Amino acid sequence: MNFLALAGVLLIPVLSAAVLATLRDYRLTARLNMLAALLTFMMALLLFFVEVTPGPYLLVDDLNKVFIVLTTFVGFTTSVFSASYIGHEIDIARLTPTSVRFYHAMYQMLMFAMNLTLIANNIGLMWVAIEIATLTTVLMVGIYRTHEALEAAWKYFILGSVGIALALFGTILVYMAARPVIGEGLDAMVWTELVQHAAKFDPALLNVAFVFLLLGYGTKVGLAPLHAWLPDAHAEGPTPISAVLSGLLLNVALYALLRFKMLLALNPAAIAPGPLMVTMGLISCIFAAFMLYRRRDIKRMFAYSSIEHMGIIVFAFGMGGALANFAGLLHMTMHSLTKSAIFFAVGHIAQVKGTQRIADVGGLTVTNPVLGWGLVLGVVAIAGLPPLGIFMSEFLVVSSTFARAPWLAIALAFGILIALGGLFLRLNTIAFGEPRGPTAPAEASFVPMFAHFAIVLMVGIYMPPVLVVGFQNVAKLLG
Amino acid sequence: MVLFVLACVLALLIVAALAVALGGRPRSGNFVYGASLIITLALCASALFSLISASTPSPVVLPLGLPWLGAHFRIDALAAFFLIVVNLGGAAASLFALGYGHHEESPLRVLPFYPAYLAGMNLVVVADDAFSFLVSWEFMSLTSWALVIAHHREHENLRAGYVYLLMASFGTLALLLAFGLLAGADGNYAFEAIRASRPTASIAALVLILVLLGAGSKAGVVPLHAWLPLAHPAAPSHVSALMSGVMTKVAVYGFVRIALDLIGPPVWWWSMLVLVIGGITAVMGVLYALMQHDLKRLLAYHTVENIGIIYIGLGLALAFKAYAMDFAAALALTAALLHVFNHSIFKSLLFFGAGAVLGATGERDMEHLGGLIHRMPQTAFVFLVGCVAISALPPLNGFVSEWLTFQAILLSPQLPAWGLKFLIPAVGALLALSAALAAACFVKAFGVSFLGRPRTPAAANAQETDIESRIAMFFLAALCLLAGILPGLFIDALAPVSTALIAASMPHQVGIEWLTIVPIAESRSSYNGLLVFFFVAASGWIAAFAIHRLASHQLRRAPAWDCGYPDARPETQYTASSFAQPIRRVYGMSLFRAREIGAMPPPGAMGPARLTVELRDLIWDYGYAPVASFVGFASERLNVLQFLTIRRYLTLVFALLVFLLLVLAIWP
Amino acid sequence: MALIRDLGFQAMQMLLVFLLAPLLTGLVRKMKARLLRRQGPPLLQPYRDLIRLLRKEVVLAENASWLFRVIPYIVFAGTWVAASLVPTFRGGLLFSWSADLIAIIALLGSARFFLALAGLDVGTSFGGIGSSREVMIATLAEPAMLMIVFTLALVAGSTQLTTIASYMLSSGVGLRVSLGLALIALIMVAIAENARIPIDNPATHLELTMVHEAMVLEYSGRHLALIDLSSELKLLLYISVIGCLFVPWGLAVPPASLQGIAIGIGAYVTKLALGGFLLAAFETSIAKMRVFRVPAFLGAALMLGLLATLLLFVSRSL
Amino acid sequence: MRGLSFDIAHMLAGSLVLVSFMQLYQDRLYALLNIFALHAAILAASVAWQALVQDAPHLYLTAVLALVFKAIIIPTALHRIIVRLGIHREIETVVGVGPTMLLGMGLVALSMVIMLRVTPQADPLAREDLAFALSVVLLGLLMMVTRRNAVSQVIGFMSLENGLVLAATGAKGMPLVVEISVAFSVLIAFIVIGIFLFRIRERFDTVDVQALDRFRGERR
């Protein structure tokens, strides 16, 4: 039974991708896409209740159990959103039916790649899965075939491939470090083996490996100097893809980075990964916060907000310690739920107002109240204001850091405050004031958006114990 | 008791949710305000009961909030007192809103957030661990931000909301850092644990400075006050009454809870910091108020002055506590808390009056009002009572708390610290100056807007407000008079609070005959509000009776004498800026760079001469504008990074890789 | 029995104050005329003016509100109560425990508050000039007065007038610099508060100079009588405060015999006459100041008061 | 035998680094393509030699794969693209050849220093191989950074991937899965690039990355 669940999580997306590639009518494929995503989510839920012995290729432990469920859930809600989104895009002829068939297939391939990354035990397999995820998203970002979309896709491809190449080199170095201790062949690539013997690896090799891995997977996480692809990919790609990119792909890349951080944490001779991650996290948080002020495109603004939040998360994991790690894990889940919900709202806004330029969108709470207040709730959540979940994680990170390293906490708080300023400066023009642009009511599904906000609000007030226990022992694991 | 309060808070949140559901229908306003009125009254009664019965505080832990900590709630004497203040203001505002609410043109933007705002404030006072304290603190700011931008069509309301939210978040982050310090690295955030672990002197000092930033910015202490006069007038009047009268008090609660309760024994130089800030806030606040001609902005700026007075009281309490002069500390703390209570009453009353005027005339600018006493006699009377109370004039409550603060100042020569010996007289002078300026400010506010002749048609045919508003205002006016006449009752009610915080309280007042209040000793000083009021009333009655019997009764109406050339045009009257002109010449030249530019028409031309007054807000120009321009400058410079070519991005990646490899190469 | 006796003394005090006030003003006017080698109005002229005004009819402005008609009574009541709380011939009055020096100043403050409102009520520019200047003067005079009260309270250890007076009588006070400064500040504040020459000219109706007169321009008949009486009472109050605090000799101690009371009244009357004479002499010897130099004058008073308080804060003996 | 096999592997890896240097030197597209073909050929030889030394038959497959695709098919395809786009005459280096070569030398020195810190008990072949692989990767990255033309950037990227294959084959006993996947991804990557080039060609009439940049999103 347990193997069935594991297989299901991988096979359903692959098979559905193949089936979707053949069908023509986009309404059917959209519904099939939703069905497949729902089934995968069911399988992922199964994983929660079943004990899976880690095989050479696949592994299910506390760390990825939560992320598998999160990824498949957000994948499902995004598919629900993309059904109505794609339907509308075809009505206004921004997408041709053929490319949509191609789109749904790629969507399922992306789901397969992300699930594979999460449950891969073999670091090589994990790298391949991320490579597939990058390639599929590159194709989907370029789906609109406009100049900006192509430029964004090309930039994403070049930077992504260079990042992936560096990550591969890092993986090879890890293998080289493991080979004298564990012996040749498959075992030297299996993560569970690596964790047991990490203390005996050659520290110098591990350091170089971690540098390459940090840069390789760091590019996929969107940390500051390596972030260039993220804003354009979000702005020019279709909104469901921005939601998946921001909500899931960044988390998956960071998950891979965390796997390797565990290795390094276990080897005392190697350099401590903490300070490296803290500096990169801080730089990207403050940098992205300042970039929010000059944005004129709504999706690009929220892309920078994702960079800022990834900076905070990497900062939290860099700080280490049970409290900060717990906060980092919580922040990852909350951020992916909130950011994808915001992108659902932004998608509908772009469709209703026919443009993504902030200057042309105004008085949303007057013309489409539900959408407007949904966006306000989203921005309130992403800015880290209470009742919602992100405040709890920011509270834990800032207060636990202040006791140990006051200046870092002050810098982080400064970054959060600047980001809040930028977000609300733009929200004032978008959601309030005199309505601008067309005022047709948006016929769209708000269910996924408000479902996400409900979960974030619930976790902000009362965290279910199963989530707490899961995060706590992972936090100890992360060191 | 705590569970009852939490149940009421939950009820308020449910009312808020219902308000969203049935927001559209016309009667929804009455439902929401009626429900919150009932709930706040219940809360106020239970808090009063728990304060008087001084029952032992029984903490309650709910499984919400931080998973391993849970949410702690506790009502001790301090919390009970502030619960009374919050819910009294809330009840009055809800009663006022029952009538005033009909003016609201977009009820759906006000109704859902109003009960949530009340719930947030109650939660802050009841919270007993850092996380739930900060969650309710920021939830309070969030709901009030939503209320401030209820009229989002005017751009300056949006700007006010934006500045407000930024300052609120700055305050919350400061408090967050303070709690981070108090809780330590392993994060025991419960107030019990914080009290148990005594922080070292340096940490305590840093926490105090952070709390001054955090709670101070929410209360509106001078350098951090800039958002208050923007945000408070922007909200609907009953909400601005709540914000000015009640939210600033919750901010004072936050400061008292941390500075006097959690940090532990104070160091003497802390009080110098608080006193200096209090003194400057008091004088600057009232000077700003004097320069305004928008009624609600004037009241908002004046809140800053009263917060200054409260902080002076708290500073004195800290100073006395540092030298273990417990009786003096109890006197100073009771003075400050009594002023908290008094201010929440008369500031709400004044904002209701301003709201009634706004509702009747649609005008907030005093230059467009005038002569309202004829059209709105009852509102005028009640507003007059509020003005007399806030100017700290004898029969009413404003004078009592100011008198107690003066008595506390007179006790301070025994403090050995040299710094305090020079600082306290100066702060005493500042307090006296701000009291006198307050009287000037409210002569202007009442005189220009209610007396004289109506300056615009809107003021000419204003109608008296509805009955609920008047009931609320008369209730608060009566409370002002009661607190002024029988201060002994209120001082004894505050005794458990000061015993909780300073382990000493003022001598028992009710026992003293003739209901006089004696702060320290009979010989030292005493004041009897009732007797003074009775004495003045009696002598006034005697004079009236004597004149009624002896003097003539004839009375003739005629055009105003005006030294022989009567000019009935309203323009000849004194306006708000002309009334403040002498004071502006005295104080305004240096503080606001006030300049009067007279534009005379060219000789022979028949155009009118124009006199414009130019005021500059130095704190905004040198405090807030540079920060905004820095952020703009930084974001402009960094924006270049968005428009590089792919090759340059690759260079970035390449440079980072080479740098990290170099670090590895040089690593020891 | 003691209660009735105290009530009797309190009533006597109120009556004495009520009667002597116009006499004092008449005395001052007489003295000034004499110094200017003029005949001057008879001593009892103020009484005749008051009676004349009481009989005349009241001419009210069209848009004067109910407040305009109530204010004279409030102002008179406030000033009269304040005057009757200051010990004149005998300390330890019954009601003196209900309000100390700060409360008395505040009572005068509320009287001034309502008077300023009266100025604004009719909506003439003169009322506005009077009120705005009066209020500006008050913003400096009141803090100076409070600083003087601080000085006295720090010296005598209490803000109760009777306690201060008895302390001043006792040997413990000695010659102190701070008390000297306080006396000068108190005199300056008294001149400003009573609208005497350097600040405001009580006799003139010249628009540019008048402050107090401008506020009461629109009053007539019985209302004007009350206003004049209360300003006379205020002058008497300030002189009796100076007398009681700085020249306390002759003040009867509470369990005083009849003979003590007589000495007290005699001393008090002589103090009033001396005060009136000094005021008249001072007024004739100085010209009126421009209105915008008044803040400098009162600022000096505030600084003196602050300096005095500072000295006392620094050391007990100064 | 031990010494000879090590020397030959060492010589092949060294020559790969040398060819990477030659690539940096070129500023004509045609010459660049030919050098890249040579680069791929040497890689194939090195992989084949590693297969012989480690007697791991699967490496032969990779060597053939590398030779056929990277040495023959890709250069010819790129050659035809260059002719169709008519961009063979442009000189598009960003930094002069001198400084680029100096920077290359620095990078190789850096990778040597880093790899020398690896403890000697790991067999020397792995250490040497890694040093060379790291230098090829860094040189490939340097080439991408100093070229404006999209095609030359792609070639830089390809030489970077060659470095990876060298490192992968250097690691004895690395399971086959990785090698195939490396090749697999290179192929996919190349196809995608091709599609893009054509699409880019179809849209912008030129392949100069500079032209692409004018269409950046959100005009400044």
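Order of writing sets the chain letters: A, B, C and D. Residues in each chain are counted from 1.
Everything that follows uses one rule, which is that contacts are C-beta pairs under 8 Å (C-beta built on N, C-alpha and C of every residue); 3 or more make two chains touch, one makes a residue touch a chain.
Quick caveat: nothing in here was measured; it's all calculated off a predicted structure.
K.L.:
Without chain B in the mix, what are the joined groups of chains?
P.N.:
Connectivity without chain B: A, D | C.
K.L.:
Between B-C and A-B, which chain pair is linked by the larger number of C-beta contacts?
P.N.:
Taking the two pairs in turn, the one with more contacts turns out to be B-C.
K.L.:
Quick one: report the Å distance separating chain B from chain C, using the average Cα coordinate of each chain.
P.N.:
Chain centroid spacing, chain B to chain C, equals 35 Å.
K.L.:
Just how far, in Å, is the C-alpha centre of chain D from the one of chain C?
P.N.:
Those two chain centres are 100 Å apart.
K.L.:
Measure off the straight-line distance from the CA centroid of chain A to the CA centroid of chain B, and report it in whole Å.
P.N.:
From the centre of chain A to the centre of chain B is 44 Å.
K.L.:
Round to the nearest whole Å and give the separation of the Cα centres of chain A and chain D.
P.N.:
For chain A versus chain D, the centre distance works out to 31 Å.
K.L.:
Could you list the positions in chain D whose residues touch two or more of the other chains?
P.N.:
114, 117, 141, 144, 153, 212-213, 216, 218
K.L.:
Taking each residue of chain B in turn, which ones touch at least two of the other chains?
P.N.:
639, 642, 646, 650, 653, 657, 661, 664
K.L.:
Who touches whom among the chains?
P.N.:
A-B, A-D, B-C, B-D
K.L.:
Flag every residue of chain C that touches chain B in the complex, lowest number first.
P.N.:
14, 54-67, 73-74, 76-78, 80-81, 84, 95, 97-100, 102-103, 106-107, 109-110, 112-113, 116-117, 119-129, 131-133, 135-136, 138-143, 146-147, 150, 153-154, 157-160, 163, 205, 207, 217-218, 220-222, 225-226, 291-292, 295, 302, 305-306, 309-310, 312-314, 316
K.L.:
Can you list the residues on chain B that touch chain D in the complex?
P.N.:
Of all residues in chain B, those touching chain D are 639, 642-643, 645-647, 650-651, 653-654, 657-658, 661-662, 664-665.
K.L.:
Touching residues of chain B toward chain A in the complex: what are they?
P.N.:
63-68, 108, 130-131, 134-136, 138-139, 142, 149, 152-153, 155, 158-159, 161-162, 165-166, 169-170, 173, 176-177, 179-181, 183-187, 189, 631-632, 634-636, 638-639, 641-642, 644, 646, 649-650, 652-653, 655-657, 660-661, 664, 667
K.L.:
For chain A, which residues count as touching chain B in their complex?
P.N.:
My answer: residues 154-155, 158-159, 162-163, 166, 204, 207-208, 211-212, 214-215, 219, 225-226, 228-229, 231, 271, 276, 287, 290-294, 321, 323, 365, 369, 380, 383, 385-387, 391-392, 395-396, 398-404, 406, 409-410, 413, 416-418, 420-422, 424-425, 428, 432-434, 460-463, 465, 468, 472.
K.L.:
Under the stated contact criterion, what part of chain A meets chain D in this complex?
P.N.:
Those in contact with chain D are residues 122, 124-125, 127-128, 131, 135, 138-139, 142, 145, 147-148, 150-154, 157-158, 161-162, 164-166, 168-169, 171-173, 175-176, 179-180, 183-186, 188-189, 202, 204-205, 208, 231-232, 235-236, 295-297, 300.
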